[in-house]
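For clarity, chains are labelled A, B, C, D, E and F in written order, and residue numbers in each chain start from 1.
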Amino acid sequence: MQPLIEYEQSQGVVREVFDDIRATRKTDEINNFWKALANHPPTLQRTWATLKEVMAGSGELDPLVRELIYIAVSVTNGCNYCIASHRAAAVSKGMTDAMYGELMSIVGVANMTNRLANGFQVPIDDKFK
Amino acid sequence: MQPLIEYEQSQGVVREVFDDIRATRKTDEINNFWKALANHPPTLQRTWATLKEVMAGSGELDPLVRELIYIAVSVTNGCNYCIASHRAAAVSKGMTDAMYGELMSIVGVANMTNRLANGFQVPIDDKFK
Amino acid sequence: MQPLIEYEQSQGVVREVFDDIRATRKTDEINNFWKALANHPPTLQRTWATLKEVMAGSGELDPLVRELIYIAVSVTNGCNYCIASHRAAAVSKGMTDAMYGELMSIVGVANMTNRLANGFQVPIDDKFK
Amino acid sequence: MQPLIEYEQSQGVVREVFDDIRATRKTDEINNFWKALANHPPTLQRTWATLKEVMAGSGELDPLVRELIYIAVSVTNGCNYCIASHRAAAVSKGMTDAMYGELMSIVGVANMTNRLANGFQVPIDDKFK
Amino acid sequence: MQPLIEYEQSQGVVREVFDDIRATRKTDEINNFWKALANHPPTLQRTWATLKEVMAGSGELDPLVRELIYIAVSVTNGCNYCIASHRAAAVSKGMTDAMYGELMSIVGVANMTNRLANGFQVPIDDKFK
Amino acid sequence: MQPLIEYEQSQGVVREVFDDIRATRKTDEINNFWKALANHPPTLQRTWATLKEVMAGSGELDPLVRELIYIAVSVTNGCNYCIASHRAAAVSKGMTDAMYGELMSIVGVANMTNRLANGFQVPIDDKFK
């Protein structure tokens, strides 16, 4: 496993990104995800820029809805790190336990019906084309 | 491929479910998905009951958000039928083209960062446990 | 797309495998899957040998159960070719429409509960370790 | 992570489901999966009803075959909780070590050939349509 | 389905990206992927910038190897569009039929052994931690 | 979980495979993957023969490129064991940290664009057919 790069060790591009993460999130803490990506500075820089824009930039979907969508994908893919970190992010944006339960039930049902559509080889209705 | 069971051919449990679909959706049209599932009545009945409750029952998440979550899963799994049919459902509930674009960008980014978390073998932060 | 290699064009290792497919399956027809793999003879040879052994060799699971398992994987992965071809194989080994419906309902439910286990971050019970 | 709801703490719908789980499985033990789902009672209730019907209701597939299919999906999706718990369930229904080995070899081969079909872009044979 | 935005219709940011695609790829043709993404300009712009940097920017991996990796992911996910378009890209960078066959055999085997590792619940060796 | 079969306990076919692993890899150590598969000798034998041929046999792709492809699949599928063991194998064949970072960025981007292609329902360009 690669080492996690701590803020104190960081320099150059990595330090700049870490500073932006701190400023944007208004906390000195930097999640392990970013400390790990810091092992490859171009990936760190590009990923942070993309995530910041997509999850927190201007748009029609509100920040909590964006987190719910993000979690739906992570649960479908089974990414434990992503589930844990974005669940915390969603809670900080107002997600209740009931909302999480509803989210899970939708994700579960979609994963089920996706396979029923596959298995019954359902042709797409003309009206959906 | 299994035949699609048309409303006119349906009987018993299948007819009951088809009638409920028509009543709930306020249209005589029945999507191919349900016509295909009608080949196995218990699956049709159970799936419809579950979907109706999860996607349209009472809860804290509004109907459009539920559709966005459903699409996020379907795009991640690559279920073409589900993408086409639920995209139409989301549009009928108010989804704009801009919202769909934002949804896709979040789904894309989550699928990317899920793999970065896997590949960099990122340990879960204590605060997320 | 690669061309499909027809029996008449085949030579060397490809011809040998094609002859074994014909003999094993007791039919002159060769499925497109094998005609496509024939573009890379070592993959054709290895894949046929493995599939023959795993799906038709001696063992405790009967041939129909093996097909059901194979379909469960293919539906989960959304492989349309594999669903279509192995559904036909299962029918030839005795699968009824009711069995296919039951198979789909199990595959659907497992895909749902897999995600519920992910999303609720369920710790493994000590007794299952 | 959500707390696990123990039987002693359970009430209302959750208690009813827990009682039915105990009665159906003829044991006082309740798996962590259900204790976790109890955080969202409607999901608990619906999931248990579905699973009970699909995995233990009447049908043509015997209970052990149903478990093998369930495991095939869970291994494909990489759901560790589901693999561990349903492997135990399958053993209790008569699965031998040899059967598990055969199951794994089929799941492995199907995952391989699913990708070969994708990668070689194999067109579906007319006879399978 | 969303309309494809043709070069002649494009304006603003979309036109700028389309011009960069033409200049970078040294051809007037623009693939459907970019014409579809043009329905949401920020996604088009960000995705093109990322792809250009990752697939064609400076780095230690040569361009053909990058395409092989890209195809490996697309075949695993079953993305038909991505397989078709990047296979063509790989051929233009020197991929032979034999190399494609080898690539497929590795992708197939990895998908198989990934599931064997899941199913046999193999603990990670200390030396790999 | 199944027990790991140690070299000292191994006999018959398992011992033969273990000896071949030792000879091929020029080390007495046998990875947990093989010790686990030894619980089902035919799967052990077939998997080792396939992996040896595909990953180390003659061919146009060099051994390091093969490992990169293998890792790309394993990261996409989220197989922690496979990521850890093949990352070590790749390092032993010359993979640098920068190469691993580039590999991750390609895998991440491919997983993102695969979903964008799904979600925007992009039709395959005629020239790619």
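Some observations on this one:
The definition used in the following text is that a contact is a pair of C-beta atoms (placed from the backbone, for glycine too) under 8 Å apart; a residue touches a chain by one contact, two chains touch by 3 or more.
Fair warning: this is a prediction, and the values are worked out from it, not measured in the lab.
Chains that touch both chain A and chain F: B, C, D, E.
Graph distance from chain C to chain F, where chains that touch are one step apart, equals 1. Chain D and chain E have centres, each the mean of its CA atoms, that are 34 Å apart. Chain B and chain E, compared by their mean Cα positions, are separated by 27 Å. Between the CA-based centres of chain B and chain D the separation comes to 21 Å, rounded to the whole angstrom. The set of chain B residues touching two or more other chains comprises 1-2, 39, 42-43, 46-47, 50, 54, 76-80, 84, 98, 100, 102-105, 107-109, 111-114, 116, 118, 120-121, 129.
Per the touch definition, chain B reaches chain C in the complex via residues 1-2, 39-40, 42-43, 46-47, 77-79. Of all residues in chain A, those touching chain C in their complex are 71, 75-76, 78, 80, 83-84, 100, 103-104, 107-109, 111-116, 118-121.
Of all residues in chain A, only 78, 84, 97-98, 100-102, 104-105, 108 touch chain D in the complex they form. Touching chain C in their complex are the following residues of chain F: 1, 42, 46, 50, 53-54, 129.
Remark: chain A residues 1-2, 4, 29, 31-33, 36-37, 39, 43, 47, 50-51, 54-55, 59-61, 65-66, 68-70, 72-74, 76-77, 79-82, 84-85, 87-88, 96, 98-99, 102-103, 105-107, 109-114, 116-118, 120-125, 127-129 touch chain B in the complex.
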